[in-house]
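Two complexes follow with subunit A in common, the first pairing it with subunit B and the second with subunit C.
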Partner chain A sequence: MTYQAKGLQAWLYQRLTGAFMALYILYFLWVIFSTERMSYALWLEWFSHPLMNTATGLFIIHLAVHAWVGMRDIVLDYVSYDALRLMMLACISFFLIIISLGMLRILFSLALII
Partner chain B sequence: MLFTIYRFNPETDAMPYMQEYELLDIEPGTMLRDALLRIKNEQDETLSFRHSCGEGVCGSDGMNINGTNALACVSAVEGLKEPVIIRPLPGMPVIRDLIIDMTQFYTQYRAVKPWLIVKDPIPDVEFKQTPEQRDKLDGLYECILCGCCSTACPSFWWNPDKFRGPAALLQSWRFLSDSRDQATAERLQDLEGPYKLFRCHSIMNCVDVCPKHLNPTKAIGNIKKLMLKNML
Partner chain C sequence: MPQSQHTGASQRPKNLNLLSVKFPISAIMSVGHRAAGILLFLSLPYFLYLLQLSLTNEIGFALAKAELQGPIAKTFGLIIIWGLAHHLFAGIRYFLLDFDIGIDKAPAQKSALVVMVAAFLVFVFFSFYLLWL
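And now, the complex of A and B:
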């Protein structure tokens, strides 16, 4: 998705990623609250399960896309100088990519432990 | 009753300022337009504002009353918090006092092609619609283009040259949902891109202020849904 991303496309991405994240968060909270004593070992086992590991990986990617559309909306609304706008969009993309890659790295390292 | 009114005459004032007026013996049922006319006639003939029909049909006297956009002619002064602070509709260039330059607003309105586009030969007598098809236009055609909605919309304040604004988009949906119109694909194509339609974040300021109780946010949602349906 670029700066020139079509309006409908961006809008749709935001909704679809939002729906996926809502489901993930509900499941996440349900497990957290229904587990009596969450220990590190349990946590590790939970996140190392291929399904949970994949779902969390998808969650991280969805979060980045969702945040990108939202931040882009804010920049398009409030920043009117082209140069500043481009710089901010570049910074936001860079930040989101770096932070997502970092999270994915941690996640995949879990999969390798088991 | 105390009124604080935005004043600006570009020929004599370097900066806009607020001026106070006091009206005594206000009759019950007085509308704000009547009060402004009394101020103009009795106290200060330089006070300028647009007005015409006086009953919420022409849409000339949209203004910002105590922070909310409304038509002065259908806003009763009774119950308004004092002093009543009156400003021009926000986010638009001021020509003088409460008179704003609506060019940007009309440009966006014109851009959605607010007329029927028919490609088939035009029928000899009349276009026919079923009552159900006609019902779809209710809540859309009643817009009087007063500008209260678009000038209450932050997205329109930030990007008035790119975002169509709630008033124009309501009219866009009015023609998209008209059974006689044959330019659905072109209309939707025209609205693509991040600005024209998708600057709307559904904060519903437009719905809140519309003096005709119309719902531009719903119309915008319907356009998005139709776009999605056409894409799939």
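And now, the complex of A and C:
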């Protein structure tokens, strides 16, 4: 996309990732509350299922993109000092990369068990 | 300090004096949406920790479960639940606005109020739910 359309791209990412995450969260809550007694075996089985494992992996990636666009917007709106802005954006991206890699690592380790 | 050309900062409007601006309900809801977003962002390490702990083994799962029953976890949990509900409802509202649904001034103000009240009701519901759990 051109530089002028960058904002549109971010807007579109925000909506698409938001829609996916909304569906995932509603499904997640439905599973949690419809399960009479959540046990370790059920919990493990649920996250290990290929479909759920993939969906959760996608959720984490969507979350990272969504949080990046949102936090970037906030920093661009309220932090006008160049150095501070750059530092905060760097910290946010570093934070999100570490968190999502950590979560994906857990999911991958489950996928390898089966 | 000079404003950056690379981050597009110079093309954006300058900060306003917040006291000179009126805050309609939709603006308050929007601030709540942002605040909730930051809250959820900051709570991510805790979710990573819980995911790791609960999936390690049987004992880890029991530990994670026990930890969620504690008073501090419940308090923070409730704030996160409010944040998630507010962020989700406000997000759905923005989604509908993007499709020009409820885009007029009056219904937009009304739906902003609905978002705030609905998120608060979720908070109240889970407060009672967690108290009796």
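Keep in mind that, in the parts below, the second predicted complex is superposed on the first by the 109 of 114 C-alpha atoms of A that agree within 3 Å, B and C clash if a C-alpha of one lies under 4 Å from a C-alpha of the other, contacts with A are read in each partner's own complex, and residues count from 1 in each chain.
The definition used in the following text is that a residue touches a chain if its C-beta (ideal position, glycine included) is under 8 Å from a C-beta of that chain, and two chains touch if they have at least 3 such contacts.
On a predicted model such as this, the values are computed, not experimentally measured, just so you know.
**Student:** Check the residue A:22 against both partner chains and state whether it touches subunit B (first), subunit C (second), both, or neither.
**Tutor:** Second partner only, subunit C.
**Student:** Who wins on subunit A residues touched, subunit B or subunit C?
**Tutor:** C
**Student:** When the two structures are overlaid on chain A, which partner does A:47 contact: first (subunit B), second (subunit C), both, or neither?
**Tutor:** After superposition on chain A, A:47 lies in contact with subunit C alone.
**Student:** In the overlay, answer first, second, both or neither for which of subunit B and subunit C A:8 touches.
**Tutor:** first
**Student:** Just checking: does A:81 make contact with subunit B only, subunit C only, both, or neither of them? Give me first, second, both or neither.
**Tutor:** second
**Student:** Of the two partner chains, subunit B (first) and subunit C (second), which one does A:36 touch, if any: first, second, both, or neither?
**Tutor:** neither
**Student:** Starting from the residues of subunit A touching subunit B, keep only those that also touch subunit C in the other complex, and list them.
**Tutor:** The answer is residues 76-78, 80 of subunit A.
**Student:** For subunit C, which residues count as touching subunit A in their complex?
**Tutor:** Against subunit A, subunit C makes touches at 1-4, 7-9, 12, 14-15, 34, 37-38, 40-41, 44-45, 47-48, 51-52, 54-55, 57-58, 61-62, 84, 88, 91-92, 95, 98.
**Student:** In the complex of these two chains, what residues of subunit A are touching subunit B?
**Tutor:** 4-8, 10-12, 72-73, 76-78, 80
**Student:** Which residues of subunit B touch subunit A in their complex?
**Tutor:** Residues of subunit B touching subunit A: 154-155, 158-159, 191-199, 201, 224, 227-228, 231.
**Student:** For subunit A, which residues count as touching subunit C in their complex?
**Tutor:** So the residues of subunit A in touch with subunit C come to 15, 18-19, 22, 25, 39-40, 43-44, 47, 67, 70-71, 74, 76-78, 80-83, 85-86, 95-96, 99, 102-103, 106, 110.
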